[in-house]
Structure formats: structure tokens, C-alpha cells
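Quick heads-up: structures coming right below.
The same chain A turns up in both complexes below, where it pairs with chain B and then with chain C.
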Partner chain A sequence: MADETTHLPTHMPIENRPRNISRSVNDHTSRLDGVAKVTGRAAYTRDRYLDNQLFAGFIRCPWGQARLESFDRERALEVDGVVEVELQGRSGEYHGDIVGHIVAESKPALRRAMNALGATWRRRPSLTRLEDDMDDPPDVNAATRDLLSEAEHVFEATYTTPVQTHACLETHVLVVDHDGERATVYASTQGTSVVNEQVAEPLDLPQSKYEVVCEYVGGGFGSKFPIGREGQLAASIAAKYKRPVMCDLDRAEEHLDTGNRPSSRSTVRIGVNEDGTILGGRIHTWGGTGVVQRGGGVRFPSGRFDFGEIQKSHHDVSFNGGAPRPMRAPGHPQGAFAEELMVDEIAELVGVDPVEYRKRLDTSDARREMYDLGAELIGWNQREATGEQRRAIRRGFGVGSTTWGPNRSNAECEVVIHQDGSVEARTGTQDIGTGQKTIMGVLAAEHLGVPLRNVEVRIGRSTLPAGPPSGGSVTAPGTSPAMIDAAHDARRQLLDAIAEQEDLNADDLRLEGGNVYRGDERILEWSRAVRRMRNDRITGRGRSTGRDDPHWGEGHSDGVQFVSLSVDVETGMIRVDKVIAIQSCGRVVARKTAESQIIGGVIQGLSFALYEEKLLDRWTGAMVNPDLEMYKILGSRDMPHIVPVLWDKGQSGVRSLGEPPVIPTAGAVAGAVFNALGRPVRDLPLTPDKVLAALDSQGGDA
Partner chain B sequence: MPDSTSSAPPGRPADTSSDHPAEASSDSGGVSRRSFIQTLGVSAAAGAWARREQAAAARPDADDPDADDLETFGPGAQHITLSVNGQPLRTQVEPQTTLMEALRWHLELTGTKECCDRGACGACSVLVDGRLINSCMMLAADARDAEVMTIEGFAGDNGDLTAVQEAFIKHDALQCGYCTPGLIVATHALLARHHQPTLDQIKAGLSGNLCRCGAYTNIFNAVLDASGQSPIADPNNGGV
Partner chain C sequence: MSFAIARPTSHEHAARLLADGSYRLPVLKAGGMDVVDHLKENLIDPDLLVDVQPLRPDEPGGAIHHIETENGGRVVFDASTTMTELAESEVVREHCPVVGQSVADAATPQVRNVATAAGNLLQRPRCWYYRRKQFDCLKKGGSTCYAVEGENRYHAIFGDGPCYIVHPSNLAPALNVSDGVVHWVNRDGESHRTPSRDLFHSPREDVESEHTLPNDAVITRIEVADRPASGFYAVKEKQSFDWPLVFACVQLDLDGDRIESADVWAGAVAPVPWPLPDVAEALRGVRITDAGAVREACANAIRDARPMRDNGYKVKLLPVAIRRAIRRASGRPAHDLFDGEE
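For the complex of A and B:
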């Protein structure tokens, strides 16, 4: 059944959608942890206030680059309830850089000690953006130079994107409960297994003596794999005092020092002929990687288009800012913004419709079909020629594309049937909001042959079978084959036991809806079937190593997005009206959570396109917007109508879905703005000042 | 909770403090929200004034001459009784303790989420005498005369969910779930004002609540459904 495909796209909202004919889509299952989340009973790591708990916090550099000149450690130690004040360094290389820590009996005591410390800093000049210290691109090589000299047009442009922060609503936090012999580590993480590996050393315990627990995570988006300094501090302080310790970051620290999507700059020289043929050219990208000089890669060119012979080069550039971490499709959205806008600009240069041009350049047949459907759903035929509008409010239409390869991940799963009829689906991965828990439950129930209500899904513990970190969009594809295998194994063991006791042939038996059938005859209901097992439980096991698995399936994740928007040329304000997001992800295990992934990806893409920017003050190097009012993320009033379209044509198996939908949105928005204005805005975010500047750039608005 | 007794030593100038380390150690000398509140907290007159204003806004009997407007509060921790979800709960708080901190740290009602700690995101939304409040922006001491309702107060004792909670689950109006309690509370406040809100009223009514995962489409549909209206129309069916 996993191999069935459908040719019907599906649409939001739930009530109005055409019924999907494929059994591969589960329409109705709601998120299994929904009740816990809507009642406030879901206990996140930041909610773990334990008896006798200590609180640990960091002393941080307040400027881009500064030296700690003076502080009064004794006075900080005198504050009632302060346990420990330690300074490890004297210089900070970026705003938020850690130079020490304080441990106290309470949060208020911790704050009072920070004040009592009375630190004074000598500020030094700092670099605040990649443009402050970037090298020139390498020379164009001979082949590229020849190619460009032969081309009828040479298109040149530079595209830039800002530093974006993950801005998880639950800030980074670990709570460690250590009694001297054993420990429980509560972590807000997307890698229970990563924390399990990294926390042993600061805990000073063998891995057999502690458990990592991660039941709910308030957002991660790539920033919550390593235990970080907060994990190291919480674990080492807990080991030292044999007491529970919480180390939770505040909102400013979350922006300053928990990773980010690095800034980018892409400069292109592309040779194009009058008929639209792209001969090739040079693409150079820079990544702005804060104090570390790594992790700033820009996925441009992406490989989704045939650009001929491209000479690609990349430099990472350091400056006085926090280090990057992977952020939902690392390197992709910033590359796609440049790539999609460049395609639109070249299409305009050679006088071809952007959708038609993409159908020529695109390397995927699936996307060629998606372009046609998307154009129809957005109303592409209403699009006016670029730059032709003269109204105060101008409409624009744009399009972008995405792809995500079928990556491997290893996973082990168990399906346990208890003698009382209850069933556990177990794996040591975690659900960061993706619906992973729900996917595990649906698959275990369906492949075992029992109703979903019988299944308790247990994830988010290091003592469960090894599950993957939630990264690279491989969690669902990696765990699904293993969970299916585990369910089949448990079912086979149960049917074998029944066959043996009833003197039947197990091959004649099947389990469906919790009942055991022989042919069409129901011979046992669930409560009686489970009493036939020899021990108190049956444990079915499954293991997946990737593509060799028979349930791995075919295809990879493709998508296109279409955007319609309006631009007010008097205020420069952009209002996105509608987004069509067509996305393939193989078998859809739970439609509601799958659509949520697509909608969420689009929203984060829009937020990246229009609003988000970590701003460092040029004089002091300090972040000027380390909060949630001046670091603007998309809110309810900014919402367009978003239509997710699940596409499983020609696909089987569970495929990646988390990252691909965030990739194309900003490029599609930028293309639509270009269409509306007739002039490109090549610098994200697309704020009103840049829109107005673009209109003014060629002698004012015609 | 370990901290219910610690307090600033007398004479320590609490009003020079600031709550995040970067600010605390800098020489920029800005006024943070918390240092502002702490300034208020150690000033008995200001605290009483704020409480009386609060009471005047909320209670018909605010002119009662026997009201405790001469009481001082702080600088140390003091016992107060809060009425939360219909239960009187006694706890000990410092003057600058916010309602959010009292609920989470002292009363173990952690459904109210700590997120931005300055009234920008709505994750800590509660109802105070029926009004939607960011509990990180209200002092616990100022909630003494009021009826506080938190996310824990909505589902019935028997576990029955409200129509809003049911609709959030049905429409998958949540992902990581950290913003969800605040949004459920805000939606109840919205539906108390507008029994059948338009889409624009929903967007405005929930604009104080940020969701990072991006569940807004489903949140709108959940609110429409919970108020007996059809979800946002499908563009293919002639809708917007």
C-alpha cells in the first residue's frame, strides 16, 4: 500500500478539500500530543522547576569587541543566595560572547549577582558585517572569459541576505538532575542522541548512569543539536553540587549566541544569448559567519536549473558576531533568493515569461508539471508585464522552486504488545513540532493492524532504541521503514503464538482493526488474542539504514511556490496576498501535520523575505534588536492566504518535508516585487525603504 | 521552589539593576523593563498607587475607604494570596516578581509560558478579571485583588476540552506548541468580545501572540470553526 500513488493534488482547508483517493494519505489523524499542548500540560524543559534547584547563567560581553576592565567578584558572591561566580576570560569577541558564569539559588539572586558584579568594559572597534572584511572574488578563468565574450548579453548583479536568527520560542535550556550516582538530563533539543553523547563528560558519569529526556521542544529549526555552553554548564554544576541545575537563556541571549542563518552575498556574471540560452558564467558567494570562519555556504547554483558552464567559488568571512548554526535548509533560502530573482531578471532581459523560462531551464520533469498547476492556482494569467503598471498599488506575481534529496538516516524502532492489549511504539528520536510522534503512531497502528487509540508512542528518551536527530529532514524518512518493520515483526510474533496454541497455520492468519481473522472469519478479538502470547509482552524490532530498506521507496522531494502580492509605491509596503505551495514528500503519513510543515515553511520564508534581520550597531557592535518586538517575525496580521498542495505523483515511501518548503519563498516574493515595480530589490529583507530606493534609483518613478 | 525567601539586602540599590547579563555589565545605563518595575517595587507609594489604579479599573467597589491602600509591599519577599482558576493560592513573592514568574516558579502552573519576558509575544497570556494580559508585564502583587485564569483553568475537571481547544487540535493549529497556551487564552478573550469574528478581527485579536513554527493558517481556521463559522474558503471553490 505504501507504493500506491495518486494524481490528485490536495488543498486546504480540510473541509473543502477534494477527497483524496489514495490510501497513502491519512486525512483525519490529529496530532497525538495535541491535548497535552492545548491544555498546557505538555512539560517543556524550561518548565522543569525541581526541588532544591540551582540556576546558572552567563556573564557576557555587551559589545562587538571589548575587554573586561573591572568587576567586583566578592560583591557578587555576597549577594544572598549566590553559590558561585567564575570569570574564565577577560575579552569578548562579539556581543553575547561568554566570559564567565554565576550560579545561584534563584533567578532573582542570579540577576542581583549580575548587577553586583558591576562589570565595566573597554570597547574596541568591531567588524559588524561580512562587507567589512570580504576579499574580492577570484579571477574569472580563461574558459569563462571566452564564454562571456561570446555571449550576446552579460548579466551582472549582486544579491545579499541578512543574518537571520532561529528565534525559538522556548529558549535554549537544559535542566540536569544529578544525585551523585545517577542523573536525568532534561534537554530542549532536536538531538536527544547528540545530547546523550555530549553530556557524559561534563556530567562525569558513564552513559549507563543517566537518561536524556526530551518530551517537548519549543522550536529548534537547526539551532538545538549540540548541548551548547548551557548544557555543559548545567551538567558540570549539577555534578559539582549534586543538585538539580537549570541553565536557561533569556530572549536576548537566544538571539545573540545560539546560532543563526549566516548572511550571504552573491555576485554573478552570466552570459546569455538573445534567445534566452544561458551559456554559463561566474557565480561567487560569500557567507558572513560571525567569529568562526565556517558554515556560511550558499547553495547557488542549486542545480535546479541548467545554467551552462558555471565557475563557482565561495568565501566565508568572519566578523564580530555570533557563530552560525544550521537553520532550516542551511544555505538554501539565501541561495534560492539570488537564483530565482536572477532567473526573473534574465527572463525580463530576453523577453520571456518567467514560468515559461523556468520550464525551459528546470532540470526536473516533476517541477515542469508543478509550474503549470501552480500558475493555474495563483492566476498567473492576471500577471501584467514587468514594470508596466502605473497605479499606486501594484500587483506582482512570482515563482520559486525547491528540491531535497533522499538522504539516509539510521534508526531503530520497537513495537511492544503488552499482555493487556496496550501497544507501545518506541524510538529515541524526538518531535520538535514536525508531527514525528504522530507519524510513528500511525505507522505502528496501521502495520500492526490495531486501532491508533491502542498505541502509546514513546519518544524523546535516550534509553529508547536509537533514533535520529531531527535534522536534514531525514527523521520521518529514516524512522518510518524501521517502525513499519517493527510492527510487522510484532504482528508476526503474535500470529505465530496464536497459530501454535490454536494449532493453525500462521500464514492463514491476519490482524486487522485489532481482530484476528482466518480468511474472512474473525477468530479472536484483540483482548483475547493478546492472551495467547507466551510472555508478558512481545517486542517487535525494526532497523533502517537507508536506501537498502524495502520500505525506502522512490523519488525525492520537489516543489514550486507561487506568490501574488501588492506593493504600495507611496509607502513602499509589500502585502503578500496569496501563496500556492506545491510540494512532493512521498507517502503522506498524516496529512494535517504534513500540511502544517508546508504552511510553516512558507511563513518562515515570508518572514525571511520581508522582515527578519539581526542588526549590529556599526559603532558598538552590539545587536540593536535582541528581542521580539524590534526583531520582527511574521505575525497574524501579515498573513497571506496559503494553500499547501501535497503532490505524491510518481513517488513512494516517506520523503523529506521539513526543509524544502522554506527554500523557494523569498525568491518568489522578490520576483513578484520585481514584476510589480519593474526594478529588482536585490537585498533582503524587502523593507519599505529599499522598495522606495529601487523606485527612485533610475530617476524616480515614471 | 527553592526561591521564595531570598530578597535584596536592605540598602542595596535594586533600582540600578537590569535583568539581562549583557545590559547588566555594560556601561550604557539604559532602563530595562525590570529595573523600572523594581524601582516601582521598592517604592511603597508607587506600588500602592499602581494597585489602586488596577483595582479602580477592575472593581466596582474600588472607592471603598477600607481598601488596603496604605499597605506597603517590599523590599523583601512577602506572602500574598492569588486567586487562580477559582482557587485561592498562597505564595511568597518579591515586589518585582511578575505574575508570570509567580505562576511558573511558585505555583507550578507552567502552562503559562516564559518566552520574550517583555510583552512582545503573548506566550504568557492569562485572563485577569476576564481581560487578556501578558503576565510577564504585570506584578504578582498587583493581581492580588483579581481573578486570574490560566491555561490550566480552561479544560474541565473531567478533562473535557473547550470548543477552542478541540478546534485547535482538529485543525492542527500548533506545531511545537510553545505558543499554544497563550493563543488558546487569547482566542477565548477574542470570542468573548466577538462571538463570530471576521478573519480580519481574528488576525487583529491574535496579533499579540507570535507563533514561530508558522501555524497561523490553521489557527485562523480553528477560531472560525470554534465560533461556528466555515474555515477560510478554498481558492478553487471561488473563495479568496
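For the complex of A and C:
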């Protein structure tokens, strides 16, 4: 039913919309739960206030490294409504490190008890950044040394990115509704199935006696797979007292202790010839991984460009900060920032246009085509040579690239047709804000052959057919084939029943728009068709393991982004004017939610480029900006005009879309700033102080 | 962590409640933007909130008036006038544009819709050490200023400590270039007037407070003189939900395009609104169209600046903010730099 409607971003005036690149199944469907979400009708996990509920909260270390010297447990226990006060440890290794917990009958009581505890800490010196404790890179090996000595230029640079936090709008939370025998577990999670598995032990119930429910999630970005300490605590307290419990983190805790995108440092020595040929060289990266020494990998080189023979090495460096968790395209944006800016700097060194240079270095034919389209849409021909402008407000153009997948996952789906004609599309996976619920409905409706309004989508429950956790951008690609199979199965069963009763051949029948046709003749409308089923319902089942499924399809999720911006060189202020985001994602199931994923990725990428930084006080190790005021995130007036362009040439099936659009943005912004200033700013975020410092280092030529 | 809420019937009544010895810590609340932040961050523990917000007139903008006087007019507005009302007021725009401009882009529309003029003046600093409970810094009665050795990118470049906050109010320096006067009452029902320039004291005098009013003072209204050639400019990292890195308020007496006299104050650079008399002096006689001369005069702003480790950039920004405020004061856009030479 894929129609040929042109692919137009809805927020743009018609005349500005880019030309049609992709055909989508459904151009007009809005998010099915959009109204519920914006009106507050959608009940998130944090909204689950229950009768007789207990509230649990953590006692945390307030400094980078400290020992608990004194506290008054008795006084805390005396606070009205306090149920328990437990101290498990006496020392904290980072700001936010957990040393105990308090349980109380109400949130105010919990807070009073925290104050009454009167914990005092002895602070110890702490390491606050990866630079405080990093080793030198390993020596350049003989082959690389030879290669560098042969090269006509050796390009050297170091790039850094700060710790970025997930900053979920809905902070981490778990609510258990325990009635003494059974429980309902309300989770704000990217993995309903993960919670289902992990909560069993602390909840001390057989899996048959509880259900995990995750209907709405206020953002996860990779930080909400495991049940976390808050989940462990809520479940074990519920088990202990056989009562409902909520454990929710506040805004500061969300920044401190729910994971992050680790900081990075990349240093390069690259051999280049005058004609632009990159012979190879050495790339060493460090990841700043807080108290754990893992998870800091930097995807540089990404493999998207041909850099010759690269000697790559990486060190994870620990310091007194919270541990990382996967964050939207883990390791990629920090790598792409360094890589794209490096490509621009080398292009400038050898005097080649950055787009032309990428078309030479890039390993993907699809992206080569995308570069041309993007350059046209952004107006690349207006780009002035790097460093040539003398105006106080200078324009810059930049470009970045991305690729993803395809990654597979397992999923089971059901399409249930009830006798009254209503239809359910069911799968246990969750919608973390991506539009997963919407596309499940669209696919079920289309492949069954009924209008979308007949379909009720039920997701986010452990009692529904097993769906995947939302990570690696596999949810839509993994569930779509299964939902298609389930719809086909349900349709087949219904048509078989009709054929049998009407004495027809099922192969001659088809279902479209809710009506049953034989050839061009409409023989039954929906309300009568469903009466022909033998039982009260028909359940169609679909199951996919990814690649083996006929609906899996093929192709990568490739993309390029183009940025135009202006830099006020008197103030160092960067204003991003426009972003063109071309992204392939295979078959577009619902255009609006697909575009929204791209726009959201770009926003997060811009915010990473310009503002975000988890800042630990170098003296005390405490995070000084654990809020959404001084931890700065792009706001409405900082939004450029973002133009998503969906591209499905050379692909089939539903491809990954969640993560790839966040990858190229920061690199494209940095390249555009380099173009405007003639000087690179190699450290994120690109704040006015750094822009001004870069201009200063320009000496007399500004 | 529990408090009563009082709804006084008048400002005098509010002042009496603030002085009522039966309460441990009565706190006045207007829009509540800053008071509620303090409650949420566990920084204050009042047992009474005196809510003066209901005392405001119902009609939006209803409390802003222009009064003709012998020596020029004055704009008078209630303490409870919101930032939005000031920003949107025709009266303010015509007679004292710097006041409206100073609050027009501050914070967010949601904040501006509830935040009041008096609350804006008396809001507490945003220093991140002040705002986090675990830091027992000087301002909270402790013995150290954490900003000196710590993270000071947003701190002061003027003033000799011992506390290095930047004064948070956009409105205060705007009042200062407009001969602003703050009217207040106390527990005895006495009316007082304090020139806005005398409203704040240096941390050397008392590090734990910023303003000079007594504890039972309740601001009733604010007035400013006609300053039609006045303007404001802020440099901000972000345009939404953020604070200025530096800002400037300027008022000019013009004879054609020649500056007869000027008054220049800076914000976000010192623990108090920061006067720049040297710049004002140097601007005397300068033609506003003479970019070179204006630039030279504004360069005086940073002569005495003493940046900390991470805020040297503010020294570069300050003269730019003043130049742009001068342009706005003379009725031009803040800059026309898209084509001009640097």
C-alpha cells in the first residue's frame, strides 16, 4: 500500500521542502499517544502514587572522594513516618556514590530523615577528569613511523569531549505495587524484558506472580536497561514489607549516578601527501570512565573513511566520577567530532573542498550521493574559503557523516481480531518516546487490511509476547517483521474461516480497508466479516529473529548532515542557522515519528556540540551543575531550522533510525566553526570562551 | 521542612509578619521563583511563607504608570509587576527602554510571567557553590570561598572578594542608570525610599547578604526617571533558559549624535551592579557614529578587571556589551555586523 506521496517535512513551508527522497507507508499518522502525553493523561511510572505506599531514597556521598565520619541514625529513625535507615558503607568514591538508604511513609518524611541523619564527611583528594590520570599513548610502531617519515605532511592534533549525561526528562524510577501475594512492577525502562528478569530476585516472587508494566517512558537514551540501584531497592523493600514502594531519583541524582557518555580525548598523527592522499598514521584515544575502568571506547576511526594504515590504540581512564552507561550511539559522537573536524583540517591543509574530499575518502556510495544532495540543500556554494572572512559575524558551513547497523534482534508479536471487529496489536517491547507504539499500529493495520482506527496497540508489558529491549536501534527493525507476520497470519485465519463458511477459495479473497473482496467485488464489510470467525477471537502470531525473516530487508542506515551557522567573533557566540539531515532508514513506516527521531538526534548532537558538560569541581570532586539550569541543554530559542530528509534508495525493510542521526552533528558544527574562523576549536562544548581563545591564537591575521 | 503560608492583606501587614518573633524564619515570597528554588535545594528552612503575590492588581500591566513631574517624568510600578509586564509595557518602552529591555529576554517566558520586579532585585546569587547544600562557603557562614580554587568560569572579574558571586539581577543595573528608587515599608508601617544605587553592598561589608534593606522591609513600588535614550545588551551562551555572561546598561544624554553625558553600569561581572564611571567620562563629547572613539571609550571598562582562572573571556566581552548597549540606547540595532568590517 506504499503510496507515492512526496516526502515533506511538515513544519516547513511548502516551497522550502526538499524534494522527495523516500516513500513512506504512512505520511500522515501522528503519534498515537501524542494527545495523552501532552495533556498529561499518560501515566508515567513517576506518576504512580499508590495507597499505603512507601518511599525509598539513597544516602549518597557529596564529594569526589570521602569517608563518612559521623551520622545520627537514631535521630533519623525518630522522624515521624520513617521506616528504616540503613548504612551499608562508610566511604564514597564519587559524588553520588551510594552508602545507604532510608525508607519512609512519605516523601517529606524521607527528606526530613535525610536532614536529621546529619551525615558529616571527611573529604579526600579526588581525580575529576581523565586528564588527571591518563597514561601516554603507546609508542608509534615501526611501520607507522616509516609511513609518517615518508609523508609530505604530518598532521597532528588533539580533540576532547566532556562527559555528557543522559538527562532523561523522567528521572530513573521504579514503583512496585505489592498486595502481599502478587505484584505489579511499574518501570521506566528501555527493557521491559530486562526488568522482568532482574526484578525477580529482589522482589522474591516467582515470575508468574508479577507483571512488569512500562507504558510510557520519559527518555532513556541508553541509561535505562538495568533495573539499577533504584529498582533493586524498590523491589527488595516491597518484598520485605509487602507494600507498594516508589524509589525515584531527583534531578541531581539523575546527573550523578545513572550513567553518562564518557569524556574522550583523541590524539592523532596522520601522514598526508600534497595531493590529499592519506597514507595512515596513529590514532590514540582515551575514555574517561569514572570509577569503573571500562566502557569508554571512542569510535575513531569510524571506518567511514579510507585513512590508509592506522595504528589505533585506546585507554580507559578512571577518575572519581559516576560510571558510564551506553548513550545513544555509544562511542560514536565523540569519535565523529574528532574525525570530521580532522578531515576538515586536513582538507584545508591540502587545499581541497571538504565535501569533495569526503567524496574521495568516503567508503560508501550511498553517502557520496547524499553529499551532493546535502550540499545543494544547504547552499554549500555560498561557503567562503576557510579563514577568509573579515566580518565580525562570519558564516560557516560544515558536514558530517554517519552509518549504523544493521543489527538484528528477536521479537514476537500478535495481532488479535476480536469478534466485535476491534483489533489488538501486541508486543512486549516498549516505546521510549520513539514512536514504536505508533509504527506497530500502522504495520498491523496495513498488513491486516483494516483502518488504523480499529487497532489498539498494546505494548510494554511482560505478559505480552516477548519484545526486544530498545538498544542498538533494533526495536523497529526487530519487531516490524514479526508484526507483519502476525498481521498476515491473522488475516489468513480470518479469510480461511470466511472461505470455509461461504464455500469459497481463500486464495481468491483479500482484505482491504476492512472490507473483504473477491476480485473487485466487495463481498463482506468488516462488521460482518468478523462474525464469521469460529471462536471469540483470532490470534495471528509472528516471530522474527531478524535476518532470516522475509521482511527483514537489507541495507545500512547511512546519513550525512550539513550545518550552516554564524559566529559573532566579538562575543564568541555561535548561532546555528540550519541543519540538513539526510538519513536512510529503509522503509519509512510513519513519516512523522521517523522525522522526529532525526530532529531529536540533531538536537541532542547540537546540544553536545555547544553546551553540555558534566562539570566536576576540581577541588572537591563534586558536580557543580547537577540541574538543568547550569547543565545547559539546547532550548527552544537555540533551535535552528532542522530539515530531515528520509532516504530509502538501495534499501528494503525497516532499518535502524534511533541512534545514527546523533552521530554526525557535533563534527559538522565544529567543521563549520573552523570554516568561519579559520581556526579549529578542538574541545567541546564550543562555548564563547573557547571561540574567543581560538581567535586570539590567530594573532594578527584576524 | 514544614511551614505555614500567610496571605497578608497589605504590605504593612506583610512587614509585621516578617517581624513576628513567634516565627523562627519567616520568608517573604512574591513570584516564588527563587524562594521555591531555595526550598527545593534545601537551602532554607522557613516556618512561615508570607505570600505577597495576591496583593498585586488583577489587570496585567495595571500597575505601571507614568507621572509628569517638574523635572521630567517618572515611571512608577508596583513591586509585584512581572518581568513580562515590564517588557511589554508601552510606557516603559517609551520613557525608560533600558528597564524593559533588561528583563525582556531574561530566563524564559514562564519565569517572566511570574517573576516580580522586587523579587528580581532581591533574588539570591546563582553561584553554584552557594546553590549546592554541601558547600559551606563564606556566604553560608563557612570559612572558604570555593570559587577561588574551584570552578569560576561564571564568577566575578571585579571586586576584591572575599566572595566572587556575580549579582544576579538584570533589573538592578537598569534601575541604576535610570535614577531608580525603591520604596518600602517596615513593621511600623513607616515608608522609606532607597535609591537603587544604595540597595546593594559589597561582600566585604557583609558576605552573607547582598542588599541593604532591614529584615522586615517589604518593597511596595519602584520608580525610575525618564531615560528615553537608554539601552541594555547581554551576551548569553544560550538564548533560552540561561543567564548572561556579561551585560551592560547605558543611558545617554544626546545632543544630535553627540554624547553630552552618559551613565554606564555592568552586570554579571561583580558581586554588585558595577558602575563604570571611566567609560561614562570617556564617552562625553563622543559622536555615537564614531565607532573608533566609542570603542576606545568602552575599552576603559576593563582597566581594573581582575579575572579569575576561567573567566578571562568576560574581560573581552564587557566592552562589546557596552558598545552594543550604546547602540540600542541611541535607537539603533545592537549591531549591524553582518556586512561591516570588524
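Everything below uses one rule, namely that the second predicted complex is superposed on the first by the 674 of 702 C-alpha atoms of A that agree within 3 Å, B and C clash if a C-alpha of one lies under 4 Å from a C-alpha of the other, contacts with A are read in each partner's own complex, and residues count from 1 in each chain.
The definition used in the following text is that a residue touches a chain if its C-beta (ideal position, glycine included) is under 8 Å from a C-beta of that chain, and two chains touch if they have at least 3 such contacts.
The model shown is predicted, which means the values in this text are computed figures rather than measured ones.
**Student:** Check whether A:Glu595 is in contact with chain B, with chain C, with both or with neither, and answer first, second, both or neither.
**Tutor:** Touch partner of A:Glu595: chain B, not chain C.
**Student:** In the overlaid three-chain picture, which partner chain does A:Pro108 touch, first (chain B) or second (chain C), both, or neither?
**Tutor:** both
**Student:** Between chain B (first) and chain C (second), which does A:Trp63 come into contact with in this model arrangement: first, second, both, or neither?
**Tutor:** Both partners, chain B and chain C.
**Student:** I'd like to know which partner A:Gly635 touches here: chain B for first, chain C for second, both or neither.
**Tutor:** After superposition on chain A, A:Gly635 lies in contact with both partners, chain B and chain C.
**Student:** Tell me which partner A:Gly40 touches in the superposition: chain B (first), chain C (second), both or neither.
**Tutor:** Touch status of A:Gly40: first partner only.
**Student:** Report for A:Val645: first if it touches chain B alone, second if chain C alone, otherwise both or neither.
**Tutor:** Touch status of A:Val645: no partner.
**Student:** Look at the residues of chain A and decide whether chain B or chain C touches more of them.
**Tutor:** Of the two chains, more chain A residues are contacted by B.
**Student:** Once the structures are superposed on A, label A:Asp617 by its partner contacts, choosing first (chain B), second (chain C), both or neither.
**Tutor:** Second partner only, chain C.
**Student:** With the two structures laid over each other on chain A, which partner does A:Leu494 touch: chain B (first), chain C (second), both, or neither?
**Tutor:** So A:Leu494 meets neither chain B nor chain C here.
**Student:** Once the two structures are fitted together, what part of chain A is touched by chain B and by chain C alike?
**Tutor:** Correct list for chain A: 62-63, 108, 111-112, 115, 622, 626, 628-629, 634-637.
**Student:** Would you mind writing out the residues of chain A in touch with chain C in their complex?
**Tutor:** Touching chain C from chain A are residues 62-63, 108, 111-112, 115, 390-393, 568-573, 610-611, 615, 617-620, 622, 624-626, 628-630, 632, 634-638, 687-689, 692-693, 702.
**Student:** Give the list of chain B residues in touch with chain A in this complex.
**Tutor:** Against chain A, chain B makes touches at 1-3, 6-9, 12, 14, 16-28, 34, 94, 96-97, 101, 104-105, 108-118, 120-121, 123, 150-152, 154-155, 161, 165, 168-172, 174-181, 184, 202-204, 206-207, 209-221, 230-237, 240.
**Student:** With touch defined as at the start, can you tell me which chain A residues reach chain B in the complex?
**Tutor:** 11-17, 30-31, 33-44, 46-47, 49, 51-54, 57-63, 71, 79-81, 95-96, 105-109, 111-112, 114-121, 167-171, 216-221, 250-253, 256, 377, 432-435, 578, 592-593, 595-596, 599-604, 622, 626-629, 633-637, 639, 641-643
**Student:** Which residues of chain C touch chain A once you look at their complex with the stated criterion?
**Tutor:** The touching residues are 1-2, 42, 108, 126, 128-129, 132, 134-135, 146, 149-151, 153-154, 235-242, 245, 310, 312-313, 316-317, 320, 335, 337-342.
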